Amino acid sequence: MHLLKLQSVSRDFDVSRPWLNRVIEHEPRRILRAVDRVSFEILKGETLALVGESGCGKSTVARLIAGLYAPTEGRIEFRGRRLQMIFQDPYASLNPRWRVHKIIAEPMMFLNGGKPVADLLVQVGLSPDDADRYPHEFSGGQRQRISIARALAGEPELLICDEPTSALDVSVQAQILNLMAELQERLGLTYLFISHNLAVVSLVADRVGVMYLGRIVEMANASDLFARPRHPYTRMLLDAVPDLDMSGKSRTPVAGEVPNPLAPPAGCAFHPRCPHANARCQAEVPRFLDGVACHAVEEGRI
Amino acid sequence: MILEVQGLTVQFPTRRGTLTAVDSISFSIAPGEVLGVVGESGAGKSITGLAIIGLLEPPGRIAAGEVRLEGRRIDHLRHEEMRKIRGRRIGVIFQDPLTSLNPLYTIGQQLEETILTHLPMGRNAARERALSLLREVGIPAPEARYGSYPHHFSGGMRQRVVIALALAAEPRLLIADEPTTALDVSIQAQIIALLKRLAGERGAAVMLITHDMGVIAETAQRVAVMYAGRIVEIGPVRDVIHSPRHPYTVGLMGSIPKIGTREKRLVQIDGAMPRLNAIPPGCAFNPRCPRRFARCLAERPELLSAGSSRAACWLHAST
Amino acid sequence: MILRDFWEHDLAWSFRRSPVTIVAAALTLICVGAAFLSPWISPQDPFDAAALDLNAAFKPPAWVEGGESAFLLGTDNQGRDILSTIMHGARISLGVGLASVVFALVLGLSLGLLSGYLGGRVDAVIMRVADVQLSFPAILIALLIDGVARVALPSERHDDIAIPVLVLAIGLAGWVHYARTVRGSTMVEKEKEYVQAARVIGRRPLAIMLSHVLPNVMGPVLVIGTIHIATAIITEATLSFLGVGVPATRPSLGTLIRVGNEFLYSGEWWITVFPGVALVILVLSVNLLGDWLRDALNPKLR
């Protein structure tokens, strides 16, 4: 049974120049389609990851689900009672003027009761004495722990994690990822995990959605996606990840750059960089079938 | 050897005492070689780079040691002399291409300025050279883009321009400080490959500073692992990554998630790197080390031979 | 709620650390104390016409030849004790200065917060009003308000309303500076992740503005406020000179300086110099105290 369901959700941003400039320079309105008809479900207890490079819309999807933006089109259905979010920047996600106990206790305003702050601190690996301190007295990793404690205070069923470890050192990242896995097991949480780091995603996710220019191009079980990537962009992304094993296996060189999202290519957004693109790819947007949005896959060409 | 660093120590005098950001490190880089310098935040790798090129912010200063560029000492040079060497014999690539390029000048102007400052040639020759550099770093249609401003380029393209600028005067040493961290992973791969190829072709020595072991694996021949201002392990990349000899490197490699492993929990090193004003006596890593013993708390280990690498760890003492 | 957080023992500790601040605070306390207690502790009531003795006019300060110890700082052209007039004048100057600054601060802070946080039309309207108002000098605004007040009220009430009108006028002239500063800071803070976290938690916009954003944008406002006190006192003196300020029967420090000026070149320097010195000491102490307050309230500098 799904805990969260998105149906054809889109989000536009009006990035037009001010009215006066537009009139003088005869410019049309400029609309940025950050999320384009995205649909997926998250099942209770699983970790769904959304992965992609900058500008693909994954963070916007997170914010749509969290209610920070309203969808321009489509529906978001949340079957749980509460959701919470943790953010990327450990330095900006805690109010520098609030003490830790106040930060963590804030979500409990909307509950009847709630756990003692000291318990929450211990749960995330900090000490109850830390409750009286200010955020600037803690390191990046510790601040993320405080953010996690705050999220847990709200007793959520769904936790949206927007690049929670991208700003942390690798050894600190390991601590936080281990903590999050442990908490998920103990508290039965469901995670939506946003990241640009494929290796991290391969560790934490049950299912993975790959996004490119606002659309989901592939969605599969993590093991399937990493072993047998189908969409050309997924393959390219995996090839681009540096090979720590130094196996020396040959990889397709990566071509081009992400196009300007204000002027996305017609048809399949990836076609200018795709080695398998044909005329149909340039004209027609591929439909999302059987976990992949690609004409070449549909036609059996790859 | 193009670069030789011997016993380099960088200190910051503060009101509450002297902080040692880099504590007696030594390494060298041969022509055509890429040495990776890897470490987490606060390990001192960026400060090492800044010390070598003479851009330490006062009150930071080189308190001890020597830096030699092609045999000649450069650590004690005055500002003016250092300025001539920077750019001409040492090229630098910083992390953020947005701030490395002057937004008010076209890339053509910036390239020409660097070329004319360091090489004896006329304006036309400089322009030709600038165009050929742009072609080399993979900017399509360089003549058309010569007059464009940095903000007209994407992040990856800007970093290519920065590389062109760094190479403009044919430096013997290239220092790259997190050159790909701000870029998407697909662009990162392109830039790494470019850097490696260009340095190799020119026989330049490259010091690649990064926190990303993956980038090191792709690019470097040797790697130095830094922790709390010290080098804890140095050796061929393959050996350090696959058979690390220092417990910190072991922990570090274990904490890196890899695609395809079945393990669902990462190796975790408890605690955190000590702050500069709280570095423990003896081995700086000892409070977090699962294999420490008495000697570790008392004496700071030198880099000892361990297989084909060297590790600063008493586990490798020959007695 | 906010005040409780600010007012802990850390404040007292940082206060004791800085000798400059202690001196500044002591001086301010003396000035303010003397000023507000003046009706009870001044050597003479300078506004009681019956108690004045014209023979005591133009007496120099006590330590100069010809002075008397009863008139420590000398007397003016009507025999009024300078020390007493300074104390009473300071009382009025301070009162008007503080009141108008508090008014401007509260108004500017509120409008700035609303403008920065809500954006859109609210922001546009408030900023346009601010722009329009900035094109009128404070004096004109005061004259306008005063003119309206005089027409609206019978003439016996004029003296009673002089001070509230003055406070209103100077306050209305000054709110824009606060609003602009707060608006800028609010717009920056609004984008930070701790504000977004509060939104995800479910806090209402007003609660977020007051409990999250306000503490983080207050700092510069307090510094502006302390500087503004000096400006307000000077503005009040100017207005009094034009006849729309404090009535001459109860002069403020500014008025005393201005009036005493006429006697400077005939040798009775004390009539203008002492009020001037008093003003300088007062304003300097207040500014230094404001500097300390801003630094003490910043948790990061502790």
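Odds and ends about this structure:
Residue numbering begins at 1 within each chain, and the chains themselves are lettered A, B and C in the order written.
Simple rule for what comes next: contacts are C-beta pairs under 8 Å (C-beta built on N, C-alpha and C of every residue); 3 or more make two chains touch, one makes a residue touch a chain.
Quick caveat, the model's predicted, so the values are computed rather than measured.
Counted as hops between touching chains, the shortest connection from subunit A to subunit C is 1. More C-beta pairs touch across the A-B interface than across any other pair of chains. Greatest centre-to-centre distance from subunit A is found for C, with centres as Cα means.
Our note on geometry: subunit A versus subunit C, Cα centroid distance of 51 Å, whole angstroms.
In terms of their C-alpha centroids, the spacing between subunit A and subunit B amounts to 31 Å. Computed centre separation for the pair subunit B/subunit C is 56 angstrom, with centres defined by C-alpha atoms. Considering their complex, residues 53-54, 139, 141, 169-175, 177-178, 181, 196-200, 202-203, 226-227, 236-246, 253-254, 257-258 of subunit A touch subunit B.
Partner subunit C is touched in their complex by these residues of subunit A: 63, 66-68, 83-85, 87-89, 92-99, 106-107, 109-110, 134, 136, 147, 150, 154. The touching residues of subunit C, when paired with subunit A in their complex, are 5, 192-194, 196-203, 212, 215-216, 299-300.
Against subunit A, in their complex, subunit B makes its touches with residues 40-41, 154, 156-157, 184-190, 192-193, 211-215, 217-218, 237-238, 241-242, 251-252, 254-261, 264-270, 272-273.
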